[in-house]
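The following blocks contain the structures, represented as structure tokens.
Two complexes come next, and they have one chain in common, chain A, joined by chain B in the first and chain C in the second.
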Partner chain A sequence: MVEVGDMLVGYATDEDIRSRGASGGLVTAVLAAALEKGLVENVVVMKHINEFEAVPIITDDVKEVLASIGSLHSVPVNLAKYAVGRKVAMPAKPCDAQAVIEQAKRGMIDLDNTYIVGLNCGGSMHPVTTKKMLVEMYDIDPEDVVGEDIKKGKLVFKTKNGEEKALRIDELEEAGFGRRESCRFCTLKIPLNADLACGNWGVIGDLSGSATFCQVMNGKGVKLLENAIKAGRIEVQPASDKAIAIREKVNNVMVDLGNTLEKKILPVIPDEERLQYYIDQLADCVNCGACKEVCPVCACGEDSKCTTFHSLVDNYKMSMYHMVRMLHLADSCISCGQCSDVCPSDIPITLLKSRFAIPSQRKRNYHPGIDLDTPPFFEVMLK
Partner chain B sequence: MKEMIYQTVCPGCNMGCGLYIRENEDGKLAVDFMKSSSANLGKLCRFGMKLPYHYSKSVSMVDGKKASVEYAVKIASDRLSGEDVCVNVNVALLGVGNTTNEESLAFNKIADRMGTIVNTGMGVYSELPTECHPTVGVGVTLNDIENVNRIALFVDPYIQYPLLVRRILAARKNGAYVVSVGLRDLHLADENRYIDPDLYESELGLDSGSVIITELHPNTDTGWVRRMLNLALRTQAKILFMKPFVNAAGVDLLCKGAGQKGIPEIMDGINEGNIKTLVVLDSDPIELMPDSDAAAAILKKLDNLIVITSRDSPVNRIADVVIATEPQYAKAGSFMNVEGRLLNNVHVYGDNNLPSGTAGIDALSTLNQYLGGEAMDYQTLHNKVLESIVRKYTKPKYKELACQVLDIGPVEGQKGNLIYLYNPFMWFDQPDDNDFVLVNMNMVKKLGLRKGGMIALGSDVGTVNIRYRVENMPDGLILSARKLPVATGWITMVSTEAVL
Partner chain C sequence: MMTEQEWTPKIVAFCCNWCSYGGADTAGMGRFQQPASVRIIKVMCSGRIDPLHVFNAFLEGADAVLVTGCHLGDCHYVNGNEKTEVRHQFLEEMVQQLGLEPERLYLNWISASEGEKFANFVNDVTEKVKKLGPSPLKPEGVR
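The block that comes next holds the complex of A and B.
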């Protein structure tokens, strides 16, 4: 009998899934069970292309769910928009879950039909930067990589010949590699906003490396787990006090680091320099619109204020498109980094938007994408 | 049917931007980002973001009526075997590089069979010594741009090749000095110069650690290309010729350089009655020529216009035969980008019964067989491509070239030079919201243009009223990023006045 608030350790009963999975295959098994037992119609998973590339697919085939096993720190995709309009289950980093909830607040996703299996996330990396890092820092041919993991502050790569090489993440980041900038100052590392919060933090002893720590966050989380247990896909046991404490400790370290890095990555800009800073940063925009298209919390569609108020013929010193977007996303931006990832001019758009959003959200004690109870603060202000 | 996902390359230019095309159960297309693509890291320009509008499926036609592919191919072969067709005299084949290497190679085999060549539309190649071709064909790598000490920029990356912007900005961050020698001030340049071409060598400060970024397209003046090559030779700077077609580098290597005709030359040949039959492979002269109406009128003079194409475009509507192939993203095959990198299309996800992506190859193979040639299959063609077209940038090995540049003429009174800033939307005649021209403040004052108002442009072929945006640029220029019905060429002298 699973209950809300339970903290469990579990794994897939199928030996193959358990051994291939990053942490005992529990997440994969839960998703597969949700599909095969009709809890959902589809599952959103990442189809692996190689260690540095995967593409989101929406599938009703259990085999495809099972084939999606494995961690993908070098594939920084946000899955929220793939869930729109479907009865799905999906794995989710904390920022995926945040985006799903922000979409739900705007009526684009029905949370009752969306099952979110959250995954702890210390951060993700850009695939091309990762390949360069492998060559320059690890002396590993990217083609030889067969797996990767994060252990005790180190980024570990496994190669075809069975070797493992680990380097400290802070050293990698000092050298310009490692996690994406937005991940470095993120402070939501355990997806407590998902239905299940899963990860390997707190998995200790004999189960280390072959099981998943799982916190049940709500009724849908109960359904997901009970469904998987009933289907014979997983086995779970209560987590020990020690395991819970270790998980908490790891999380605290990560959150503290995020808070420290926020000050470094987003230093205060003096008022008198602020306007020119934004003008300069946005001057190289090529008006592709990719930042809007990829934004997982944008629910406007094609007819939106940012595009309607903007015209290429205008001579404004700063893009009206970006100004509207900064304002519009002040309550919902989750600093996921997708917009910076796809910007063809390498404008650090996530940082620019975060400079607006983070202070606005803090001032109103608003945490985007955490729950459905708090409406977007613009909605409250307009009422 | 399941959603299908294709890994492909953006057809907007030859940067080689990787991306995914998602085709849902209803056939609706969407673009998705391929962040592991080394050319673009998943980033796309405004053309790439609008690709679903670009991929309009073609339909096989014979004499204006829908037909099966098989019938269209049969009729095409009948027309090409007709008594009036003299391959060495009045037939031209055109393939600019909007399709895969494998289809281009198959098209070349048909040309061989017919005793002629495939024209890539870049007439410059036939006017340059062959030892220049490698330098023009494949440029420095995109990563190399980020590590030079100086960049001389002869294109407007914001409008023409937007994925260059980040490379140039990265170079600046790494200490490079960027000089733009263009038609308007560019924010990313340290210096914007409008100087006499004779002073390039003495004024631009280029050396072996520098790179020249310029472009080559069907309407490029040969004299300009020679001038750029001379500049690279004298300064020992590396050079990169950006090109507007996804596989321009590939087709250059696959086609026979000698005797190449440019698209303007082919159009002249048709207009004068010397070319009676034109076969095009994913190349639409109506889109590619500056004056679309004039181009369509000339093409109507042909006895036979045979179009082999993956998309619906204006030339299909006046063609005698249209042989429809699968969309470019769904083709099996490869493309070569501007840095000489071979990029493959891949079916990433979908039904087990995915189409093979060889409908184009199969049609070309059948046509070749009707013409008395051999059958061709994808794998053999692909292997041949892998053997024959790998090439990297080589330092200039040619000698000084004589050149006479088509300079922009002086303007008097209320005249102006309308210049096309060719970009992917223009090459494909795709709608975009760039419905304005760029002028400088002196022109605004001289004509008394009102804020938010329009400028009237006139030429021998028509007039147009259009909005304008003010830019820092030399006097007498009017720049356009979309085709206008007053243009007769890359540069058109136009009259100007305010619309009251």
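The block that comes next holds the complex of A and C.
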């Protein structure tokens, strides 16, 4: 029925789910069906508190899954670590999927037991910056916001009284708002490393806004979709050539933009100034360790080299903790931006890590978190 | 008194028990002249040297770090030095990206009989590091 490599357009059969979902409710329906039919034991979803706040929960309750419907662009939480040691299905941004695969490479996650429903992602926003942006740029009270969307390079906010206000994303980013820095130079927008790659790019005609484009990436994706069809939760139809072309076009635009922005966000620092740059940036570090705690590719656990060999009484010019972390992440950093998000001292730690990781990965033509065929570096080279 | 003397770099050399430590020994027994700038740390295998040992040496005030071991294929623990080589590639990139001069980190294979090679290597590195001056990662108050 469904085969690997299929490009489909689908939507939830349940009218309620379909209308409440961001684009046809396909993802929610697939997750709910996976739970109902026992394909998985748990589902990881984001429990909404409001437009800017949500908590990841691991649930076996279909109602919770259905309640989590709708996309959030300003809650950039990486879900990978919630899949560790469980049999779960999860929605995933491309960076979530990358992190799951990196964890699997390190033996923390069994990929056979983890179903990843990938979601296209043009970038996410930090909730605090978003609230500030709403006040300063949009002139909207953050409490009044009921929904948001990205349309044709514009960020649209809907308010309680039905009004919509749109501003261009590049203008917002120029002013220091908009997407998180790591999202701006990200070039993996369609989660081709997940089991299903879903999103609203390429949904055209009368289905626009009420259906999801879905590419089946592997056998687990087939299982997920067939299970949901059998359960009567979703309906799918093949995507037209035009739809596929449009999706491709949107992706290319986003990737090109990412490549251009990378040069802006990570400007070259001359050799002799670099060490001072890192020392200055890390001077504010309060040694809380939050950046390691949230790091979705770190599989070291509690007693890791970076923390145990770091001592507060050392009078070093650079923190041992950060040096070990930078080396450790050289082959695995996916530039997801979690560490910058949680840093209490607002150190742009993702950018610092990326400066080490991106050249190392490029040199070896290595893309972290894409598939299991390319193991971590120390392993590859020994064979 | 001390300040009037010429500055000599502090160099930390990690030597493996079986080859390069023997090489250092041979250098001494053969009376090959070498500066007293090197502090040798003996490890059982160059594969034991974690990048964090190298970072620690730099942060504690080393002006250069030498990682030495058996020649490839001669490791007494099958492939310890191959692991070192992989780590060294990442270390090199890191040192470069940090803005330290690449002349401050070396990887060299020295067997137990190569006393002269060890002495020449130490001489070479000391000369180069003398030109570079003290490491920018040296803590305050460490000479």
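Basically, the second predicted complex is superposed on the first by the 380 of 383 C-alpha atoms of A that agree within 3 Å, B and C clash if a C-alpha of one lies under 4 Å from a C-alpha of the other, contacts with A are read in each partner's own complex, and residues count from 1 in each chain.
Quick note on the criterion: a contact is a pair of C-beta atoms (placed from the backbone, for glycine too) under 8 Å apart; a residue touches a chain by one contact, two chains touch by 3 or more.
Note that the coordinates shown come from a computational prediction; the quantities given were computed from them, not determined experimentally.
Visitor: Touching A:Cys300 in the superposition: chain B (first), chain C (second), both, neither?
Guide: Neither: A:Cys300 stays clear of chain B and chain C.
Visitor: Does the superposition put A:Leu266 against chain B (first), chain C (second), both, or neither?
Guide: Touch status of A:Leu266: no partner.
Visitor: Pick one for A:Val286: touches chain B only (first), chain C only (second), both, or neither.
Guide: So A:Val286 only meets chain B here.
Visitor: Touch check for A:Val324: first (chain B), second (chain C), both, or neither?
Guide: A:Val324 sits against chain C, while chain B stays out of touch.
Visitor: For A:Met7, using the defined touch cut-off, is the partner it touches chain B, chain C, both, or neither? Pick first, second, both or neither.
Guide: In the superposition, A:Met7 touches no partner, neither chain B nor chain C.
Visitor: For A:Cys343, select first, second, both or neither according to whether it touches chain B, chain C, the two together, or no partner.
Guide: first
Visitor: Check the residue A:Met46 against both partner chains and state whether it touches chain B (first), chain C (second), both, or neither.
Guide: A:Met46 sits against neither chain B nor chain C.
Visitor: Could you look at A:Asp314 and tell me whether it touches chain B, chain C, both or neither (first, second, both, neither)?
Guide: A:Asp314: touches chain B and chain C.
Visitor: Please report the chain A residues shared by its interface with chain B and its interface with chain C.
Guide: 314-315
Visitor: Can you list the residues on chain B that touch chain A in the complex?
Guide: 3, 5, 7, 20, 31-38, 40-46, 48-49, 158, 162-163, 165-166, 169-170, 187-188, 348-349, 433-436, 467-470
Visitor: In the complex formed with chain C, which residues of chain A make contact?
Guide: Going through chain A, the ones touching chain C are 269, 271-278, 305, 309, 314-318, 320, 323-324, 326-327, 330-331, 355-356, 359-360, 363, 377-378, 381-382.
Visitor: Could you pull out which chain C residues touch chain A in their complex?
Guide: It is residues 50-52, 55-56, 59-60, 79, 82-83, 85-87, 90-91, 93-94, 97-100, 136-140 of chain C that touch chain A.
Visitor: For a test of understanding, state which residues of chain A touch chain B in their complex under the given definition.
Guide: Going through chain A, the ones touching chain B are 47, 49-50, 52-53, 55-58, 74-77, 126-128, 131, 283-284, 286-290, 293-294, 311-315, 341-346.
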